[in-house]
C-alpha cells in the first residue's frame, strides 16, 4: 500500500472509513497519520507526548486495547509508527514557516460503536469501502476530518509536487504563511473523552486556534465561521457494590445494590431545575445482572448532565454526587463514580470568526457563509478552545457543510466528499490570512 | 368527693373513665391514686422518685402538660398530691408485711387519643360516665387496671374494714403474706413511652413480678397465666430540615426536605424481610406544611418497626437509620431522629405462670384458666419484666378476660366490671401464694 | 361609619388593610364596594351575576365561608349589600357615557394567609391600621387595588363634587370619555382561583381592557405600560384514598395511601424537562395523618406546574396526572384531583401598551415610564386578558411602582400610598384617551 | 458408543455430567434416555406427547434451541430419537406388570448456567468427566437423577440380565410388582419452568407418586421420606417499553422506560408483609441498555415472590402486577409481563411417607431414615404432586443423601455416586411395596 502522502483525500477518507476505530483504539489511524506527516516533514509529538495520559476518560480495558493494536497491525499500520503509540493514541504535528503566529488546527479521528448499513443504496456499501468491523463505523465524519487534517498539512508542505492530489486546492496567489502550523489529531472525541487530555500539554499554547466539523445538517458549500455556545456536558459512570445473599433464605444478609440504583435513578431525575439556565439530566446503561433470586451485589449505571450555564452544570454534578452517595447510604452499599466524558461550553472569538468568514468567502466551492450560529451538540474541542482563550489566544469552531442522506450517528450516515476540499481550502486560506 | 379509699372498684373505675388522661398527663389519676395509697398506709415514691425522668419518651410539650395539670386541678385532683407530680406523672407504692420476697405488680393509667362514642347503647354514655374530654378516652381498659391496682393495695392493707368495698374478694382462709408488696402505677403505656423510664430505678429490683391486662379478646371468667412473646417494637420520629426557596423563581436554591422524606418512605417500606423472624415496618404522621410553590424546608414523619426476633428488630432499626440519613444526603438536607416509644419481647417464667394458674383456679369467678398464649400486641411492661429477669427474678404477664362489645382502641370499647374483682382476687391469691 | 364614597383613597385603603379577607371571603370588601358604586351611580352585577360560580377554584368549605360572612357583618358590612353576595363574593360595575368603546378595568380584592408584623417600625402597626385578623393580611397590595378601583369609578362619576377626595387627580383639560367603563372587582386572585370564573360571563366582552398591580419591586413614580409573558401556572390538589389496617397484625389488609403519595412525589419531580420552554414543578402541603402503627388510608398533597410555554404546561399537567393515577394504581388506592388555581400566560397588545405609556407620560407623579417588561409572577388576570383578546379586543397589564420596604407576601409588606393617586391618574387618562 | 442400557449408573451419570444441557435444551439427554427405555421395553411418550407444549415457561429462543439440537447431534444423540423431540424435550415412559396401582416416579434432567470448576481437586475435572460446555454444568445433581430414573427402569425391566449393572440393587426376595410403573423425565426444573407443563397431560393420573432429589445437605446413607412445605414461588419477567428521544435536545418527547422500572423496583420491594405467612420478593436481571444521552425506550427486569402461604403468594403477585402497571402508567410507557417459572407448595401424604420410610429402612446403604422435614427450596414437582393429590392419589418427595464438598449450584458441586444405587434401591423397594 502506498502511504497516504501520495493519495487523494477521497482515497484517504475511504481507507479510514473502511477501518473505523472507536475512541482510544485509533492505532492504525494514528500510525498512518504519523507516517504521512513524517514524510511531509512535520515534527511529530506522538502518543504520550501529545496528550496527558492520566487525563484520558472512558478508556477501554487493556484487553480491548491490545486486541485493537493487533488488529491495526494486521490491517497495515506501519509497525515503526505503531510502536510509538503504546501509551495512547493521538498525535500533534507542527512545522514552522517563519516567526509569525502559532496557529493550531484540531481534527478528531475516532469512530462510533455503530454497525454500518450494508444496503445497496448506501454508497460506502455499494462502492466497497464500508466498515470492515461490525459494531464500529465512521458515522460522524471523523474519517473526513482526519483526511482534511492531512490535506492541510500537505497544502503547507509545499515543494513536494508529487504529494499533491489532483483535487487539492492551491491558492497560488496567496501570500506565504510566515508562522507555525500545529495540527492536533485528537482521539476519542465521541463521549467527550479525549479533549481534556489533549488540552493538558504545552502544545495547546497557540495564538490562533480552530476546530472544525463536517455536516451538522448543512449542505455542501455552506460554511459557518463561528459555531459556539454548546451545552456543557459531563458524563459519569457509577457502580453500586453491595453484598449478595439468597433472597429466599436470608434476605437480611444482602446489601441491595439494585435498590440503591433505583433510588438513585429517581433522585437523579428529581434534581431541581435551575433559574440560571437550561438543564438536562438523563440516565442510561443501567445493568444489574443478578438473578431474580439473589440480592444484587453490583449494579452499574451512567448518567449525563448538561446546561448552557456553567454554574448550573456544577450544581447538577454536585447534586448528582449527593444523590448517588445518599442512595448508597440508604441501602448500605458502596458507590464509585468516574467521569467518563466532559465538555465545557465556549464562545467563538470575533477575530477568528471574521478570519474564517473572509477565507470562506474567497474559497472554492463555498456558496453560503454564515457568520455565527449555535452549536447544538456538546463538543470536547471546548477544552482546547478555552485553554487557548485563557492564555490570551483566540479561537473558533467551524462548520463545513457536507450533504448527506442520513443523520449523524446513524447506520446510513455518509458525507459528500467534495466537502473535504472545501474544508482544506477554507482552513488553508484562513491560516495564510492569520500569518502573513 | 370522698377519696377512692372508700369507694367500690366500679365507682373508682367509672370516675377514672370519665376523666381520661393521655400519656404523661395522668395528673388527676396520679394524685388520686397517691392520696388513696397514702391513706392505706403505703410508702409512696412519686413522680421523679418513681421513674427516670430523662428516659421518658414521647413527652408532650410544656404547654400541653401545663394545660393538663390545670385541668386536673379543676377536676378535683387533691392539690397536696398534685404538687408532687411536677417533674412527671407515675408512682410506686410499697408496704412490707415481713421478711419474705418482694413482689411487684404493675398497672398502667393512661388513656388514648380517641373520642368516645355517645351512642345510647354504649354503656358509659347511657349511664353517664363517658369521657368528659373530647379526643381522649379510656379505650384500652387502663381505667380498670388502675382500679385493680387500688383494689390489690386495699386487700393487703387489712384491718381497715371500712375501706373494703362490698365487691371485694376476701380470701379469708389464705395464709398471710409475709413479704413486701410493691405496686407500680405506670404512665404512658400507649405508644410504649413510659415502661423504659419506670424500669430504670432500683424499685424494679423485686423477686417476683407480674403485670396484667383486661380484655384482649377473652370473656370474663377466663384467665391466661402467661401471655408472652409479644413483638418487640420501636417507634421513631424523624424530621428532615432543608432550605426553602421560591419554586418558580429559584428552585435550585432550595434543599427539598419533602423529596428526602418521600425517598425515605420508599426506602423504609423496602427494608428487607428477615429469615430470623416476622418483621413489620410502617410509616405515618407525615407532614410537609410548605405551600406548593415553596420548596419544602421541613418535613416530619414517624415510623415503627416490629419483630418477634430481637436481632431482626436491631437490623430493621439500623437499616431505617441508614435509609433516613441516606435520603437526607440524597437531597442535601439534615435529618434528626428520636425514639418515641420502645418495647422488647419477653418470655414468662414457668414458676410465675404456675403460681398464677394455681391462684386463678382457686379464685372466684374464674371458669377457664389458660396456662400460656402468645401476646399479640406490643407492651412496654417488657422493660420491667426483662429488668426483673436480668436480676434473677421471675415474672409473668397475666390476661384477665373481660367481655366487651367493641375492640380495644375503638370508640365503643368498654369492659365488664365484674372482671375487676376477678383480677384483684387472682393477683391477691398469687401474691399470698408467693410469700407465705 | 361614613361610606367609602366620601373618603380619601388613603382612608379607604387603610380601612381595607385593617380588615383583610382571604380569597372567596371578601364579604365586607364586596359589600362596601357595592354600596359605594351604587351611590356613585354605577349599574351593579353582584356575586353570581358577576362570575360563573361553578368555575371558582379553591373555595373554602361552607363553615369557613359562613364564619367569614358573620365576621363581615360584625365589622360593618352594610347588610343590604352583604345579602347579595350569598352565592359568591365579587362584583362588576359599569356606567356608560356615550356610544364609544367598552373599556374594562380589573382590580383584585383578596388578602393572604399571612400574619402581619406588629413591630413598631412597620407603619400599619405604628399608625393603627394593621390587620385585625391574625393569619390574614393584605400583603400584596390588593387593598390598594380596590381603593384604586373606587378612585377610578369616582373620577368618572363626575358632577358629584362632594365625593371627590382632596387627593384625587383631576385631569380638567381632558376631553370627556364617550364610551362605557366597566370595572371588575375580582375575588381570590391569590392562588389563581378567581380569574377563570370572572372570565366566564358576557361582561368580559369589552373592547379594551387593562389590569394593574402596585409595587412589584418598582419605586413610586415608575409605570410599566405592558407587563406580560408571565409563567402559565396550574395548582392541583390531590388526595389518595386507601384502606387502613393495623400495620403489625394485618399489614396485607391495608392499601397504603402514603406509599402512593411518596411514589407520586418522586414521579412529579422526575417529570421531564422540556425543550419548548422553562418548566417548573413543586409539591407541598403533604399530609398523611395516620398513626405510625396504622396503614395510611388517606394522604393529601398539592403541586403546581409552571412554564413560559403553553404546550409545556399542558405536557406537565398531563404527565402529572399520569404520575398520580399510576402511583395510585401501584399501591391499589384511589386518587382524586382538583384544580385549585390556574393562570395562563399572555402578551400585552401594542396599542394598549402605547395608550398607557402615553397616559403615564402625562400623569402627575410619574417620573419613569417603561414600555414593556417581563411579568415575573403568575397572574390570573390572564384569563380575562385572553378572553378579551380572543374576542378581538386589546389588553395590557400595567405595573404601578409603589416603594415599599419589604417584599410581596411578607409580614412587613406595605405600599407607599402616593402610588394610589398615580394609578388612578394613569388609568383615568388612559381610559379617556381610548374613548374620546 | 454403547447405549446407556449396557452401562453402569456411574458411567451414565458421568456421561451426562460431561454433556450438561440447560432447561429445554436437553436434546441429547432426552434422546439417549428414550433410546435406552425403548430397549428396556417401555412404552414411550416423547416430547409433545409427554407435556403440554404451550404451558412451558422460560423457553429459550428458537436460535438457541436449534443450536442446542445441533450440538446434541454432534455429541452422539441418536438421530432416530432426537427427531422426535422437535416440539420439546422431555418424556414419559411406562410399563405395566399387572392390574395393580399406577405408580409415578419423576426425575429431572436439566443443567444450570454455571461454569464448572477446572481445579485439580474437583473430581469431575481430575477424572475427566467435567462439563464440556463452558457456562453449563450439572451443579444440582440432575445428571444423577436421570441415571437413577434409568436404574429404576432397568430394575423393573427384569429378565434382561445383560442390562443389569454390577452395582444395581437386586431385592431378590421382594414380591413382584403387579401394577404399572410410569417414569417422568422432566425438563427445565431449574427456574421452575417445566413442572407445570408436565402436570398438564393425562399421564399424571397415577395412584401413587414420588419425586426425589440427591444431596440437599445430607450425607450419603440418609434418606428423608417426606420433604415438603417448600415455599411457593413465582418468577416473572417484565419489559417496559417507552419511546426514545435525545435527552438533551427533546427530553419531553421521550417516554422513559427506565424511570418506570426504577419506580417498579421500589414498589416491588415495598409490597406489604403478610400476617398469613413468610413472604419474600426480589428483583434482578435489570437491564436498560440505552445510552446515557438517550431517553430509555426499553428496560427489562425479573422478579420472584415466595411464600409458605398460598394466599400470600397470590396477594404478592397481584400486588406486583399493580406495581408494574402503575409504574408504567406513571411514566406513560407500556409494560408486558410473563411468568417464567412457578411452583406451589405441597404436603407429603402420610401413606407415601411411611411407604418410603419402610423401604428405606430395608434398603442397602441406608443408615439413617428421617420421616419428615421441611423442603427449604422451591421445587416444581409441586405441580405434579398437587395434581396427583387433587385427583385422589398420594405423593411424597424423597431426599436421598449424597455427600458432596460444595453446595448446590456452585462450580465445585459433585455427588457421591454411591448414592445413586441407594436411590434406586429405596425407590424400587417402595414401588414394590405399593403394588404387591
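Letters A, B, C and D mark the chains in the order given here, with residues in each chain numbered from 1 onward.
In this text, a contact is a pair of C-beta atoms (placed from the backbone, for glycine too) under 8 Å apart; a residue touches a chain by one contact, two chains touch by 3 or more.
Not measured: the values here are computed from a predicted model.
In this structure, the chain pairs B-C and A-B differ in their number of contacting C-beta pairs, and the larger number is found at B-C. Ranking all chains by how far their C-alpha centres lie from the centre of chain D, first place goes to C.
In terms of their C-alpha centroids, the spacing between chain B and chain C amounts to 52 Å.
As a whole-number value, the distance joining the C-alpha centres of chain A and chain B reads 71 Å.
Residue positions of chain D with contacts to 2 or more other chains are 249, 251, 256, 259, 263, 266, 269-270, 272-273, 280-281, 295. The touching residues of chain B, counted against chain A in their complex, run 249-252, 254, 256, 259, 263, 266-267, 270, 272-276, 295, 312, 315, 319, 322-323, 325-332. On the side of chain A, the complex with chain C involves touching residues 266, 269-270, 272-273, 278-281. Here chain C touches chain B in the complex through residues 231, 233, 235, 247-249, 251, 256, 258-259, 261-263, 265-266, 269, 280-296, 299, 302-304, 306, 376-378, going by the rule given at the top.
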